[in-house]
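One chain, chain A, appears in both complexes that follow, with chain B as partner in the first and chain C in the second.
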Partner chain A sequence: MEKRSVDSRVRGVSTGTTILAATFDGGVVIGSDSRASIGGEYVSSKTINKVVQVHDQIFCCMAGSLADAQAVTKAAKFHLSFHSVQMETPPLVIAAASVLQELCYNNKEELQAGFITAGWDRKKGPQVYVVPLGGMLVGQPVTIGGSGSTYIYGYVDAKYKPNMSREECLQFATNALALAMGRDNVSGGVAHLVVITETGVEHVVVPGNKLPKFHNE
Partner chain B sequence: CSSLGTYDLSASTFSPDGRVFQVEYAMKAVENSSTAIAIRCKDGVVFGVEKLVLSKLYEQGSNKRIFNIDRHVGMAVAGLLADARSLSEVARDEASSFRSSYGHDIPLKHLSDRVAMYVHAYTLYSAVRPFGCSFILGSYDKDDGPQLYMVDPSGISHGYWGCAIGKAKQAAKTEIEKLQMKEMTCRELVKEVAKIIYIVHDEVKDKAFELELSWVGEVTNGRHQLIPEEVRQEAEKYAKDSLEEEDDSDEDNM
Partner chain C sequence: MALSNVLHAPAAGFNFDHAARNAELEGLFDAQIPKPVKTGTTIAGVVFKDGVVLGADTRATSSEIVADKMCSKIHYIAPNIYCCGAGTAADTEKTTELLSSNLTIFSLNSGRNPRVVMAVNILQEMLYRYHGQIGASLILGGVDCAGNHLYTVGPYGSVNTMPYLAMGSGDLAALGILEDGYKPDLELDKAKELVRAAIHAGVMNDLASGNNIDICVLTREGVDHIRPYQVSQYKDKRKTKYKYGAGTTAVLTEKVVPVKLEVVEETVQRMDTA
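Right after this comes the complex of A and B.
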């Protein structure tokens, strides 16, 4: 998460973070790193939580400007809470993603925020949606984002398999985050992971020194 | 029910016995219209409308009384047709706006609540008159199953297994109550719906009529559509044959 310096505008708007989400057999894992930085030089927070709960079984990862992302998720959380009371049923994951999409698309000039939405609903089960900066919406079985994601595309492409078990998927997500945090200087800290299934939600936090180690580390 | 003095001139006035006469008069407009029915069964909803033909120059299939709202919702109406058309646009806008905001089909109960709220708003002010129509909304979803809701001019909305609106609604309701709709499929139900419309049609007072039939269910993959030609012909034949016999026909399988 960076201040909007000239650098980042020129470089493009993927900024200091690693976020991901992946579906497995019966659920979905969503996770992020915990570093907030300024100018790519100073770590302003080592323990920021970028995984936000927008409803009982729907979570979002924030990317881009932290201020913008927090403002958008706050509005989305309210909107979904109201919507679910009106519908007398929990919102669908696609509805949560669509709410974020409307906010990102209609305010695209002012905002610099992208999201990964993941959750479980009774209609379609576990799902992952990505809403990048311009306000597109696309559903995928696995997705990664943030500046750290560039270093793990190969790993994700090679290692992700649909319908993994919960443990396999959790290991996959932890490895992916660890690899990204190991190479991206603006990603780091702890790995925040959330596992969402039909029965509920489980938070897993892996501190920096407990992250999986790879060769020559 | 007689109106007392000046209590019936605007919707913003209650009568001394607590009635809003303008709303009741609006309901009278529905009662003067020809009958529309809809029945919910195991795997869908079937709509049937008795469309009275008032002119020899009438073009078949025109002046439709069954509308499509989005892809998955059907709406059958009775009462002032112009009011009904206007409300169908309201329903379409609601469904469209929901889909745009939330990325999926509008649940029928929510659509029904929203349009009912709109209808109700027109019963509150003297500057406007209430809508002179009732309508029946039906849809099918593979997770939530078939749903059926009816909205009347007062802005009230209820869910039903079967309902009827228009001049012969009492007779139609009696016929509907004889059916075991929860155990029937759409294909079986189409014939019964056609038969009921034929039964309640008054040959003496109203001459020619056109039967408008539509359905939404597993058979149409959740899309609301007019009944295909072969199915409609089979249904109308069943209806006409049933009427020719004095007793109810037992030979057709139910």
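Right after this comes the complex of A and C.
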């Protein structure tokens, strides 16, 4: 099989990014920063939306090449919509993650995009799945992704507790994003958070100047 | 269903036919293959209270030579949608023409004016399919039943929407003006002035942008395409006339040779007009 050397730098607009998702007691929080960059030098957008709704109670966060990620989520939205019409029931969160996985795995040579899928379904309640670059699919209670995630592995490992309350989880996610955005140059802007529970979906946007500060003197 | 690509469905995957043809051609030319004309460019757009204002400079460059001093970079897409193009001039021209043709056919089929999001989706799908080989950075602006819209589509197929945008080699200069001057719900004259100032910043600070400034105002009532909105202060006066009348070159001899044609084959096709 011909091995193409893959340039690790994304061509075109990259999401740079810090994305995360965490389950709490009764729901899941999924969030991201809002910076899009070109070549790691120029911020092409301060307010890009990286948290995409692929179904009523299922959201995806995108990382990697913005063009690739937008194309994949578009295809995923269509597939899920069609699937839910055929099945006459809302899709399961694992179905959404599987759709993304198939697209990422079958096109792994051309695509440079990774995803975190989070949502709520009737069968298994709140769930989080991660589909990184190669097209692996893993379910985890909490997961982080993107270039900014490297700076917060320690924080997440130490501070995440299963079955937190909604407020605790929201604060945890906000802190994690703030810490990553504070250290990673290609993550920044505002923190987009979405809280998904059985009853519905709630968007929380924390502007950059309202994010928690950690030794910012 | 009114399809976005009406003439033929695009083949799945990549098509590298032209790459092979280009490789063949390279050997044939002794001299350098002419470089594609790039627009260099500063383009910008702003959403205001009653619609969208688009602006662009008018310089098209081929390396360091100005190939066209009055190039039109604000392209017609639909009666309610216009598109500014930066990048390779041929790519922006043809991409927008293709989009406009397909949307016209869609309008005729469906009986509706196209929505801006439809134009954006078609552009995104097409540019993504070509994976950046089509060098077109576009700013699409329009007014439809869902409101006033401004989108940018990058050459790799990424889409972004903001109330103010700038693209092209002069985008950093223009963005500085837009970041400073933009406010939500601007009045028409303030919005026009903001876009003019943004393009002017690009013209002044970017070598590949220059000459005149075009403005296009889109509202529910209609379109006002002002070309040029601002004329360059550095206009060159031609020193002499370059038109040569008949008789400038003296005719020394003249020889007329009639070409003999003979009828080889004749067919008659009846047209049924009943």
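Here is the rule we use: the second predicted complex is superposed on the first by the 200 of 217 C-alpha atoms of A that agree within 3 Å, B and C clash if a C-alpha of one lies under 4 Å from a C-alpha of the other, contacts with A are read in each partner's own complex, and residues count from 1 in each chain.
As a convention for this text, a residue touches a chain if its C-beta (ideal position, glycine included) is under 8 Å from a C-beta of that chain, and two chains touch if they have at least 3 such contacts.
Quantities reported herein were computed from a predicted structural model and do not represent experimental measurements.
> Check whether A:45 is in contact with chain B, with chain C, with both or with neither, and answer first, second, both or neither.
A:45: touches chain C, not chain B.
> Output check: A:165 vs chain B and chain C. Expected answer is one of first, second, both, neither. What do you get?
Touch partners of A:165: none, neither chain B nor chain C.
> Contacts for A:199 in the overlay, against chain B (first) and chain C (second): which applies, first, second, both or neither?
After superposition on chain A, A:199 lies in contact with neither partner.
> In the overlay, answer first, second, both or neither for which of chain B and chain C A:92 touches.
first
> Examine A:102 and indicate which partner it touches, taking first as chain B and second as chain C; both and neither are also allowed.
After superposing on A, A:102 lies in contact with chain B but is clear of chain C.
> Is A:81 contacted by the first partner chain B, the second partner chain C, both or neither?
After superposition on chain A, A:81 lies in contact with neither partner.
> What is the contact status of A:122 with respect to chain B (first) and chain C (second): first, second, both, or neither?
First partner only.
> Taking the complex as given, what residues does chain A use to touch chain C?
Touch residues, chain A against chain C: 11-13, 36, 42, 44-45, 47-48, 65-68, 70-71, 110.
> For a test of understanding, state which residues of chain A touch chain B in their complex under the given definition.
Its residues touching chain B are 83, 86-87, 89, 91-92, 94-95, 97-99, 101-102, 122-123, 137.
> List the residues on chain B that touch chain A in their complex, please.
100-104, 107, 110, 143
> Mind pulling up the chain C residues that touch chain A in the complex?
Against chain A, the touching part of chain C is residues 124-125, 127-128, 131-132, 154-160, 162, 172.
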